[in-house]
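When the chains are written out, they are named A, B, C and D in that same order, and each has its own residue count from 1.
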Amino acid sequence: MSITGKIEVQDKDILGALGAFFKRVLETDDINAILVPQHLSMKNMVMPTLVTDPEQLNGVDPLAPAFPMNAAKIVSRLTRKQMGSKIAVVLRPCEIRAFVELVKLKQGQMDEVMLIGMDCLGAFQNKDYLQYVDRHGDKSTERFYQDVLDGKQADIEGATLASACMSCENPVPTNADILIGLFGVEIADYLLVQSQSKRGTNLLNQMHMTEIPEPASRQDAITAIVAQRIACRDEMFVRTRAATDSLEKMTAYLANCVNCYNCRVACPVCYCKECVFVTDVFNHDPSQYLRWANRKGVIKMPTDTLFFHLTRLAHMSTACVGCGQCSNACPNGIPVMELFRTISQSTQRAFEYEAGKSIQQEPPLSVFYEDEFPEVVGINS
Amino acid sequence: MRYLYYPGCSLEGTAIEYNLSTRCIMHMAGVELVEIDDWTCCGASAAEATSDLLSLALPARNLAIAEKMEDVDEILVPCSACYLNLKKVEEKTRGDQRMMNTLNTILAEENLRLQGRAVVRHLLDVIANDLGAQKILSLVKHSLRGLIIAPYYGCQCLRPYTVFDDPEVPQSMEPIIEATGAKAHHWDMGATCCGASHMNTRMDVGIELVAHILEGAKGADAIVTVCPMCQMNLEAHQRKISHWRHAELDITILYLPQLLGLAFGISEEELGLNLNLSASDAFLEKIQKAA
Amino acid sequence: MKTATNLDVYYEAVSASDKLAPIQEMIRACMQCGTCTGSCPNAFAMDYTPRQLWRLVLLGQKDEIFRSKTFSLCSDCYLCTLRCPRGLHLTEAMDALKQIAAGENRAEYKYSILFNKNFMQSVRRHGRVKEMEFMTNYFTAVKNPLVPFRFASLGIKLIAKGKVSVSWLPKARFPLEKIFQKVNELETPP
Amino acid sequence: MARKIGKALVVGAGIAGIRAALDLAESGYGVILIDKSPHIGGILSQLDYQFPTDHCGMCKMLPLVDRDASSQYCLRKGLFHENIDITLSTELVSIKGEPGQFQVMLKEHPNWVTSDLCTGCGECVDACPIEVPDEFNSGLGTRKAIYLPIPHAIPNPYVIDYTVCTRCGACEEMCPTGAIKIPEKARGDFRILVVDDELIVRDSLKEWLAEEGFAVDMAASGQEAIEQLSQQTYQLMLLDLKMPEMDGVEVLQKTIDEFPDLDVVMMTAYATVETAVEAMKIGALDYLVKPFDPETLIPMVKRLYQERAASEGRQIEVGAVVLCGGTAFFDPASGKNTFGYGIFPNVVTHLEFERLLSGTGPYHGQLVRLGDGQALQKIAWIQCVGSRDLQLEADYCSNICCMAAIKQALVAKQKARGNLDTTIFYMDMRTFGKSFERYRQQAEAKHGVRLKRARIHTVDRHAACGDLILRGVDLAGQSSEERFDMVVLTVGQRPIGGANDLSELAGIELNSLGFAQTEAFSLTRSSRSGIELGGSFTGLKDISDSVVQASAAALNASRILHAAGGSLALKSSSFIPSTDVLREVPRILVIVCTCGVRLPAAVDTQKVIEQLTADPLVDGVDFVEQTCTAAGWEHLEKRVAESKPNRILIGSCLPYVYKRKIKDLGQRIGLNPSLIDVVDLASEYQKHVLEKEPKEFITQNVTSKLEMGIARLKWIEPSAPPDIPVIQRALVIGGGVAGMTAALAIADHGFQVDLVEQNDRLGGNLNWLERTLDGHQPTELLQQTRTSVEKHPQIQVHTQTRVVRSTGEVGHFQTTITDAQNTEQTLDHAVTILATGGREAATSAYGYGTSPVIVTQKELEEKLSNQPLDATQLHSIAMIQCVDSREEPRNYCSRVCCANALKHALHLKEINPDIQIYILYRDMMTYGFDESYYTRARKANVIFIQYQFTEKPQVMANQESVRVTVIDSIINRPIQIEADLLVLATGIIPNLPTQLAETFGASVDEDGFFQEADSKWRPVDSLKEGVFACGLAHSPRNIAESITTAEAAAQRTLRILGHERLSAGKVVANVHHSLCSLCERCIDACPYRARSIDMDQDRVLVNPAMCQGCGSCAAICPNGASVLEGFLEQQMLEMIDAAIG
């Protein structure tokens, strides 16, 4: 049974209300720690912090337009094995979805975490955020959410939402235990809180939340924002497909890649302990480079850049949740997210799979079904 | 070649022309026919429907007489119904001493005894296999080129004993027809049933069956038969059938030996063609013009 | 559930003395494949198809069988016998049913029985069949004024062609009285 | 260690023969596998799709452990196993001796094409002027006298059909490799004696035969003939039957013993054919009916001549023989041919239809009307053509046709993408096998295959449009006429031609129908000890049953071999100690076969050398003329001896030809054979030459192929394949007849067996079964088997014992059992057989339980044997079949109930012929030879009433009697039966708790029976290696069939028990633990359940014996933590690089 309640907001201090709420969560018997984004100092990025002392929740800011890393990786670290305690984690929808993927890949477990998902307003690219926070100081978060809730996406005080966020059709978390809602809510008065699982309901019950009905305006607000994002996304798909529909174009698209592998490091679902691209497999014989060059007259250095991205697409595109950390991490401005999302769209549809959607759905390619892809397998033709 | 000859009742009555023409062409072919003394009715289909034993005893009598007669064992029978009844005795007594004894008990009443020597042959069998198309060809004086003839076999010379032809898709008549210069009509009605005595007892059913056959013969100039019952059924009710079916189904029906006789140049009178109920003038004219 | 009372068929065990027994014996191996029905040229006119008839025979439904016209419509073409995958002598079984019907003088088969009876009488008397005599007797016997009418035109045609001698008696006569009697004697159980 | 290896002969290389041969070979025996045709695979080589999966899967029969001993690719293409010698075009001549020591004479038809030299280029075919119907496509196309027997075989050398070859020599001239050598044995050496009193006959025969080049003499009388025979050696005598003084038969009698090598053919008039047939019994080979023309005579004489000229005898010694004689099929053109087969082009047999469906068929799998080429829209199947037909003396069911027709309808529908109407006309739909019933229901409900219960007698053709017209009658009695584009005749089985000869020369009995007779309670034992029967020789069967029976035959053959001292070989390591080259830098010698002048003509060899030697690891590039010849190979060896490379690459054709040569070479020079590789250059460059590609292109292509080979060799790490130790003991769970049989079979091979039974006595269902339909005595069988088990020193029987748990894998399981006193005991064993049995299902249908006169079949059997039931006092019995069966949730046929009903009915009729017995059935599942009992029961006046599933019988019972009301399908009216007893056939349910199956890593199917690894190809194996099942736990079966599954399961265990260590294949997967993120996707992806996670060490483990090297794990692993030995990533990348270069 889902419970809908409200977090009272005093003096329009939303972050304060959230801080208080998280504090109450941490004070319940069930929860021993909480992972939540906080400012350590106002000049800094907002980073995930693991808090056990309720008094250390002063800088809570999950609404800041900062998204320095996908915290699913952190949650995975915390839950890879039995921890012995229960923690609550405050995540964006894309982080939850990434975590679901990682759980399926046995890189984490759900048992000991309480997922608290926030309606996501999006975020800036890292460098944009730093400039923004520079300009607006401790009012930056407030200005940001007001602007976004007013319907702005681009040109928010001179900055623009990350492209991944602009084309994200999942601004509302699914698979969370507890959801904190902003869309369609009079946030000056209260924030919506809603349980999405039995565990969440239990927790909210312990916290004795004031129950309210979901405001009628919420679904409309969500529909509107999703429609806007889908339109943006589809336009991005068209653009990206046009830019990558041949090997030559793809090569050009990725020409700036320097094999720094930052995108891979930033990717929440790239879970290998050691990437094949740093093993001996790609440690070619010196003579090999010359042979390649000989064959064509000229080769781009470093080599294997296209191969690297194709390999990652092959391995990860079915698990891609579209968080955009790859683009965020690229030092040379390659629109990696656009490429991954565009390809993922096709691969996930091919397997009737949606990354992060459900913990039950088996990841593609685990099982060979004799009757799937007859046109590829060549059976029954 | 010599055969004992069993004409059967019909060939003395409604099928006189079958008898005439058979004797004619056999004579032409140098075949001697020795009519069985004092032959009697084979029982037709009526005996079967009355008594099993009687239906065997009646033909057995004729076989027993035949066995007494000449040194030849083969009995030529033109009528398919007679043929089957006589044949049945031959088949059923073969290897069945009890049956033989029972029949002989009956035949003893007329001081006859069946030994099981007699071999019953259908006229078509003799024409197709003993004479053969080659022999027929040699006798043809008046080629029937230009004519299309539908071979109709009926049932009882083919079934249930498969002696000389395929019982479902018979073919023995085709080479003979083609030997006369005529063309065989290709149809699949050659071995279907004409309704036998239905014409007498259930005319509605009989007509249905005959109508199918006549319809199938469209395109042929004539149908040839080898059985008086078939001949009668096919020729006697053509007007009525045409009327019922709202179609022109009239066609000349001939006995096979009549057709052969025409090709051998024998006169229509000798072949009893005037006795046919359905030999149309147009057909006879076409015969004259043929060649 | 249907109760026993409103059933229109009631099955009784067939005793060996039943007249159907020898026919049942003939067709026991029947497995109801329906080849007979599919082959029968007269099936269209039958009330029971041959397959159904054999089923009724196996189930001993004597009354049902002799209410049916099926066997009287058998024209002895032997197709079913030829084709039966069990090698059953079905035409003979049909004849056997005709014989029972004739023996019992069943009114349902008046025409066929009279036809055959008159035919056999003609044979018994003369040894060979005289068509004129036998047809006249048949027409008289059926007592249906319409039946001879149907054949009138044909009869006239035949007479005109000289095929049916107007004389009633055949030229040669070989009465088969002795044989008929002996057969009768053998067939009558002591 | 002393190695005594027994040898077995397997006759017939169809599916059964292959299974038996592989089973014996895997156990370590030597096997000689022969087939009279020039290819393996038997009839299955013509069938592309098998039900219920609708595709092939033959490769699943290949060895799973010690895989490298055999080929590991499509089994339809070829089979190579180091313990199997295959000789094709070879027939059995005689079997002499005793079990364990047979002297077998074989007759080989040597091929005039040297298979090692034939590259399959096909130029000979173009040259050949002779065209004959192609039997591979069931006569739907034509082939030449020199031809490929099947298009997909490897090796696939051309063969010459010497019965039609005119020896014109055209092919010999065309052959670029000189592979064809037509023997020049002059026909003049073949002397023929013509004996006839008629001069005209003698003269014309002499003229015809002399013209063909034979030496002909004449004799005018029998006396003269005998004189001539004594003066001169003749090979053939053409002998007139009817001659004055001494007739043909007399001459034959006088000469046949004195001249055993003389073939005699009788010449007879039509009238005396019977005498000629008699003469054949005395010893004449054949007869000719006079008058005959040269078209009849010459081919016959040629055939006799060729057989003599072409055949070579070979004697072998074997311990046991498995005879898989195969089957023939009814020819619908024979006899009445009411279907117009051979007359109407679109009337085909189901075998021909298989070829029409096949991509390698005459129409490349396009479903078109023959003749006008239009797409097929309506196809009808007619079942039981030549089966269940007393007129054709075929009082049997051919077993497989129902499923074959459904499968064909489904495959055809699939090919036509739904635009196809399919109708199957049938009598009883015999879906008696595992999963068949559901398959049938799906075909009808989901795919729209129409099934009509009607026997069609005749096919007519519409004269104008060629449509085929079927007239039939439906259940309601309605005659109908329907048109079809094509009619498929599902033709029934017939004994093979020459079955009598085979039975005579093998000394085995045939049954009255001409199929091989098996002993009581066995499907494999012939009447002669030491000769086991397999495959459709004992009656047509589907793949599954064939494979089970073949394994059982192998088992029984193995028993003979073992008893005769040819114990299972304990395999010593075949790994050759060789120079350790691991630490050396690769030095690769490249040798390229020029194939005479063909390669240099097509390729710039200098450029090849230049490009290859640019790689510093290439030691040298050399061209050799024809490596396939002895001289060429010698040259190669010399070159190797000179440069002493540590890796060798041979570029030639047909890599498999070199398999043995490479092994020998490696042994001689101390180089691991896996460091010598062969790449196929020829097939590709020859194609390019034909397509007139430019020389540079072909040169590049050849270079690139060689570079790929070099890349592969560079990275090869020669290491011994892993192996695992084997605890040579077996555990059999379940002490019914299947369990006991399996235990005995294993114990008889000298291995210890623990037999666990939960009841207090052995025997299972045999404890109540009194009789069988075919009149054998189960009680005697039980007595014998139980005694043997209990007395066997190698069998430990544990009664009143249950399995508690089990861990481990093939080679070493540890299973804990507990007895009545709750004492636990742990058994170590290598293999497990689940023989937990099954029982009659309980029911509450049809008023069961409400009246003592309603009983089950089992209860009836018990009542009859204990005799509380006096059958003489009964008047009427009704039996209802398919109670709760063939409908959800028990949607399967229990296979034995119809036979059981017949058994009871016939037994009761025997005791009391006056009892009226009514059997109410849906489809009588009297498959195979049981059909005759169905006929017998009908003849015994048992009344069979077919009821519809939708209108089940109604039962009203009191304590004394029961009234059954059923709608008879034929007359479509209710029939009422008053009965003293109602017997319900409730079917079989398995006794295989899911938990027990899962304890051993096996699983159960949706009906609770054992889930096979593959229902067709691995029917008694579980997916987890080392676990097998048999008996009723596997599937419903009668006693003999259950025993056969037990023997098969036992045989499957012997493959494992026979080794002290189980060797895996060289290509197995491995885990680089340092890279592994433990996502476990590889565990999910492994289709062989070879992977598990070690919780203690946090590691993914691979069982090398279970791993089949398929590479699924390596493919799914994102970072190469999962690797496949022999397919390293670097190696693959370099090869790809070379390929695209």
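General remarks:
Quick note on the criterion: contacts are C-beta pairs under 8 Å (C-beta built on N, C-alpha and C of every residue); 3 or more make two chains touch, one makes a residue touch a chain.
All figures in this text were calculated on a predicted structure; none of them were measured in a lab.
Common neighbours of subunit B and subunit C under the contact definition above: D. Between C-D and A-D, more contacting C-beta pairs join the chains of C-D.
The geometric centre of subunit A is 56 Å away from that of subunit D, both derived from CA atoms.
Computed from the mean C-alpha positions, the centre of subunit A lies at a distance of 92 Å from the centre of subunit C.
Averaged C-alpha coordinates give centres for subunit A and subunit B that are 97 Å from one another. Multi-chain contact residues of subunit D (touching two or more other chains): 336, 338, 458. Counting partner chains per residue, subunit C has residues 44, 82 touching two or more of them.
Residues 336, 338, 384, 388-392, 427, 454-458, 471-473, 477, 479, 875-876, 916, 934-935, 938-941, 943-944, 946, 954, 956, 963, 965, 968-971, 973-978 of subunit D are the ones that touch subunit C when the two sit in their complex. Across the complex, subunit B meets subunit C through its residues 9-10, 12-16, 38-41, 43-55, 57-58, 61, 102, 105-107, 109-110, 155-156, 159-160, 162, 167-168, 192-193, 195-198, 200-205, 208-209, 236-237, 274-275, 277.
Interface of subunit C with subunit D (complex): residues 1-2, 4, 7-11, 13, 24, 28-35, 37-39, 43-44, 48-49, 51-52, 55-56, 58-59, 82-87. Residues 105-107, 271-276, 279-281, 287, 295, 315-316, 362-363, 365-368, 370, 379-380 of subunit A are the ones touching subunit D in the complex.
Residues of subunit D touching subunit A in their complex: 53-55, 414, 616, 1074-1081, 1084-1085, 1087, 1112, 1115-1116, 1118-1121, 1129-1130, 1133, 1141.
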